[in-house]
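First subunit A sits with subunit B, and in the next complex the same chain sits with subunit C.
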Partner chain A sequence: MKSIFETRYRRAPVRRDGTAAAAEIARIGRRYLDAMRARPGRPAAMGYFDEIMTGEKRLDEIREFRRGGGKVIGLYCNFVPEELVHALGALPVRICAGASPAVAPAEEVLARDVCPMVKSSFGLRMMGLSYISECDLVVVPTSCDAKKKSSRFLDQYVPTITLDLPQEKNYEKNLPAWTREIRHLVGRLEEFTGRKLRKDALASAIRLLHRRTEAFRKLHEARKRNPYAISGRDALLAMQASFHDDPARWTAQMEILSAELSVAKPTVDVSADAETSRPRRIVLTGAPVIWPNWKLLHTIEEAGAVVVADTLCSGTQRLFDPVEVDEWTFDGMLRAIAVRHLFPSICPCFIENAEHIDRVIELADEFKADGVVYHTLRLCQLFDMEYNHVAASLRDKGLPLLGITTDLSLEDEEQLKTRVEAFLEMIGGRG
Partner chain B sequence: MTVVGADAGASRVKLVLVRDGEVVARGAAPCGIDLAGTAQALLDGLLAEAGVPRSQVSAIPATGTGAEAVPFATARVNVVKVMARAGVKLVPAARTVIDVGAEEARAVRCDAKGSIADFALNDKCAAGAGSFIEAMSRALECPLEEMGPLSLKAGKAIGLTAQCVIFAESEVVSLIHRRTPPEEIARAAYDAMAARVSGLLLRLGAQPEVVVVGGVARDPGFIAALGRKLGVPLTVPPDPEFAGALGAALCAEG
Partner chain C sequence: MKLPGSITARRRVVRGAAFGLLVYAAYLIPAPLETGLLPAAKAPPGAPSTTRFDRSRILWAADDPPRIDAYPPAAVCRFIPKGGMFKACVLHFLSENLTWLTAVRYMLPHLLVFIVLAFLFARLWCGWVCPLGCVGDALCWLRRTAGLDHVRFTKDAQRLLKAGNWLLLGLALGLSLLIVLPPLEVCKDQLFLPYCQICPGRLIFPLFGGTLPNWKDFSTPVYGVFTVLGWIFLALFVLAFVTGKNVWCRLCPIGTFTSFFNRGGAVALVKDQGRCSSCGVCADACPVASTRVLEDRTRSDVSHAECILCLRCVEMCPKDGVLKATLFGRVIAASSFKPGLGSPEGVTP
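And now, the complex of A and B:
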């Protein structure tokens, strides 16, 4: 497959030893996981997701798949339809990353003041670690400058193609171009895999992910329970296992987890559930939180609150919406895929994104939230610039909001703790 | 009921002994490299001075960045919470409490009971906190306690553009080389610091009465600069550096 980038100034990829970083990443993950496991009443079904997220099992399976000639395709965010990859017999993995030890190495190739999430993914590839290093192809949506501009550097390591994302979510103006872009992607993926996208295969891939969404929605419903049935840390960990797990197996495990939650006793002693001491219910919004960067979730929940819902593209946004097919023709399915991968998004990359505010208000209402935490990843101007708009609108609604600006590093844990505790104190929970 | 409140800040550790809501004794010392040892010696001295046996102290809540390292602490209390409690205890009409310590500044709006209504904290940077003035006093070769009085002699205001402590220090050096009067440089340093602290109040608003606590509140240069910047009267209670320890003690009393 011919590179989409100019080859005249092509450079050899810079590679760095990842031994120390790998150990550090494992240590960070273990620390957060230990705290999650120490909580009484943790669902036993979480064990499966723990293993997918922290063990080598899934990586080994993927390596085995590649040895057998299978192709692994890295998807840089929510905008790339996984259905297409499955239907072509390839394996999609989401490569957005939250590993802080991979950030600094990437600054050598990218630049210093770049999104830490993009640097983390890139650094992992430089060091040959994690799922991004098992990719045979990467698809990068042009959803922000950091992703867009990093694609040509990533192409030094692995064939990389871009997906041209509209800047607005306007049905009339943007859907035709976006559908054409999805068709173009189909062509590139067909060329890369050497297969033809078949109608029946596409229909089964859509149905496969429908089942995944159905299973996810049971978890989503369980999080509405009060007292809560599952911590936000556990819920998000289970969701992110879907980044690289086999969808059918993930769905089956999610059904087991949901079944366990439906019969589980409340994790909180009801007698301790007096209005003043009950765990405050938090909706988390803003920039993606990605394992093992559990810093914010850990801080919120160890301070006695619980994250009951999120709007994250690394969480609920990824799994909630099904591809809604009206006509099961090839064109009908492609159009439904295009619609699903544009309109439900509340990514701040869109010029108008009032749906972000709508979604937070809806979730706060549905999940009986006491407050909202807005996560801004330092150096992401998009989430940063959207903050004041969201904050003012929530204030008008009387919804307490805490804005947290941080990066993937662990150095500000104490400052975060101070802010979160003061916020919980303010909204009347245990401080 | 007798309790001790501990506040282990970035620079000093402060203890107050409170009996039935009133301060009986207080003590402070630089944290040093052995915070636990310093705090223990301070506690022993305080109890001996007040003639109170340790067994009579029912609780010792601790606050501040070093709270975890206070060996005898019975609970850890949030720094924002204690400032709201202490502010209202010291000045009953307080609705905005500004706390400026060595490394951090924070502002909290509170109600008549000293509960948090809203709050803002500075970022990781120390430009709006006491260590900024310490760096400036080094550059000006002027003892820290004389910095404030010196700044009050300034005839005019000059700007200091650097926000970072390190860059501001080199900017001050270049001002010295240009023979700028030291009092104007000192005032510029306080103005820069006051600008950072007042930034915390942009969203919160400075609802009267505005009370300033923390070690830096004793500095007349800073209070003058913050007053100019905010344009509202500021109240500095007696012993403002003990506000955190007092607030911690009050949290134990419920």
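And now, the complex of A and C:
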């Protein structure tokens, strides 16, 4: 496949040894996982997701798949339709990353003041680690400057194509262009995989991921339980296993987890005097939190609160919205896919994004939340600028809000802990 | 009471049953039902009237009288074979009465019945009952079965439809009022019921009774113009339904009268603004290509004039209770996330 980038100034990829970083990443993950496992009443069904997220099992499967001639396609964000990849017999993996030890190497190639998440993914590829290093092709939506501009550099390592994302979610104005872009992507993917996108394969892929959403919605419902049935850390870990797991298997395991949650006994004291000491219920919004960067979740939940809902693109927003097909014609399916991968998004990359505020208020209401934590990933201007808008609107609604600006490093953990504890004390929980 | 089946499945049953009743009533109900409540609207002596025309004219008279002498708010056509269930559509009623200027005591009962029925069900008449829409749905089904995509009408094309709708309505009613005056008076018989003469229903419904409509009347220049316009409108009707779902309903001047009751009538389309995630599914599903339900982010009642209340958006919305249809405030349909993707609207893969 011909590169979309100019070849005249093409450079040889810079690679770095990843042995130390791999050990460090594993150590960080283990530390958070140990804390999660130490909590009483943790669902037994989480064992499967632990294994997918921390073990080599899935990576080995993917390597085996590639040895058999299978193509692995890396996707950034929620904007690239996985349905298309599945329908072409390839395997999609989400390559957004949260590994802090991979940040420093990427700064050599990209720049220092770039989104830590993009640097982390990029660094992993430089070091030959994780799922991004198993990709045969990467699709990057132009959702922000960091992703857009890094695609040019990523192309030195792995063939990379971009997906031109509209800047607004206007049905009349943006959908036709976006649908064309999705069609263009279909063409590129067909060319890359050497297969033709068939109508029945597309329909099956839509059904496959619709079932995944059905299973996810059960977890979503289970998180409404009060006292809580599953911690936010566990829920997000299970959700993020879907980044690279086989969708059918993930769906089956998610059904097992939700079934277990529906009969689980409350893990906390529900006696009359528990009101003052019950865990405060938190809605987490803002920038994506990606394993093993469990710092914020860990801090909130170890301080005695529980993240009952989130609006993260690495969490609920990834799995909540289904592709709903009005007409099962080829074009009808493609349009439904295009609609799904643009309109429900609450990414701050869109100029108007009132739905973000709607969603936080809705979740706070439905999940009986005591407060909202807004996570800004340092160097993400979009989430940073949107904070003030969201904060003012939540203040009007009387919803307590804590804004946290941090990056993937572990240096500010103590400082974070102090701020979170003060916030929980303010909203009446255990400090 | 919880009815079985999806909204689309129910709509198909209601539409099919309505079509059967409205078009084939004469075979089911042998004699006209004397309700006695509605005195027939009668033409004054000397006024143009369809009963005086023979079958060789465009506006031929039906063989039998309708089973109920009334005008419900849907395209129940006077050209339905053997008289049909009802007299005619409301546009026919208003046109003939504007020409005749019938005494209020003949006109008012029909008008009141119409207003009550329109207030109660607004454009549910269009989406669930109208037999012309039933023919259109069948054309849509043909396209889907062939695996072809529909054409999404742009906002500009939609504005054109709206302009066309008002133009047709204005011409139909304006001409009806003016044909008794000179110079139009000389051909008042030929200009009588102008919209009926070009309505696709005039050419379509006789076919269901196994008779051919008078599709080529060039006996006078006026009839010649109407004949050609009738062909054009039939072509537009078929083209619109085959290519663009139900966008014809936005042009149809009969639906305009019930559309006044879409807001402020008994039926409301209600959206939970705070919980809508603007996912766009309602807009993609809308058969009249409207984006109003998606884009209205302030009001709770999102019904609008062009909506035919087919409730497809309510059916497709993947969030529980975000879209609802209510009748006098009582929920008659509510959205829910449906596992299994068993959409009956499509050609199931």
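What we mean here is this: the second predicted complex is superposed on the first by the 429 of 431 C-alpha atoms of A that agree within 3 Å, B and C clash if a C-alpha of one lies under 4 Å from a C-alpha of the other, contacts with A are read in each partner's own complex, and residues count from 1 in each chain.
Methods note: a residue touches a chain if its C-beta (ideal position, glycine included) is under 8 Å from a C-beta of that chain, and two chains touch if they have at least 3 such contacts.
As the structure is a computational prediction, the values presented were derived from the model and not from experiment.
Chemist: Would you mind checking which one, subunit B or subunit C, touches more residues on subunit A?
Modeler: C
Chemist: With the two complexes superposed on chain A, say which partner A:414 touches: subunit B (first), subunit C (second), both, or neither.
Modeler: first
Chemist: Using the superposition on chain A described above, determine whether A:221 touches subunit B (first), subunit C (second), both, or neither.
Modeler: The answer is neither, since A:221 touches no partner chain.
Chemist: Of the two partner chains, subunit B (first) and subunit C (second), which one does A:425 touch, if any: first, second, both, or neither?
Modeler: It touches subunit B, and subunit C stays clear.
Chemist: Can you give me the overlap between the subunit B contact set and the subunit C contact set on subunit A?
Modeler: none
Chemist: Touching subunit A in the complex: which residues of subunit C?
Modeler: Residues of subunit C touching subunit A: 144, 147-150, 154-155, 273-281, 283-285, 291, 294-295, 297, 312, 316, 318, 337, 339-341, 343, 345-349.
Chemist: Please output the residues of subunit A touching subunit B within their complex, sorted ascending.
Modeler: Residues of subunit A touching subunit B: 405, 411-412, 414-415, 418-419, 421-423, 425-426, 431.
Chemist: Which part of subunit A faces subunit C closely enough to touch in the complex?
Modeler: Those in contact with subunit C are residues 169, 171-172, 175, 199-200, 203-204, 206-207, 210-211, 214, 217, 321-322, 324-332, 335-336, 339-340, 342-344, 346, 354-355, 358-359, 361-362, 365.
Chemist: Touching subunit A in the complex: which residues of subunit B?
Modeler: Result: residues 65, 77-81, 108, 115-119, 121, 123-124 of subunit B touch subunit A.
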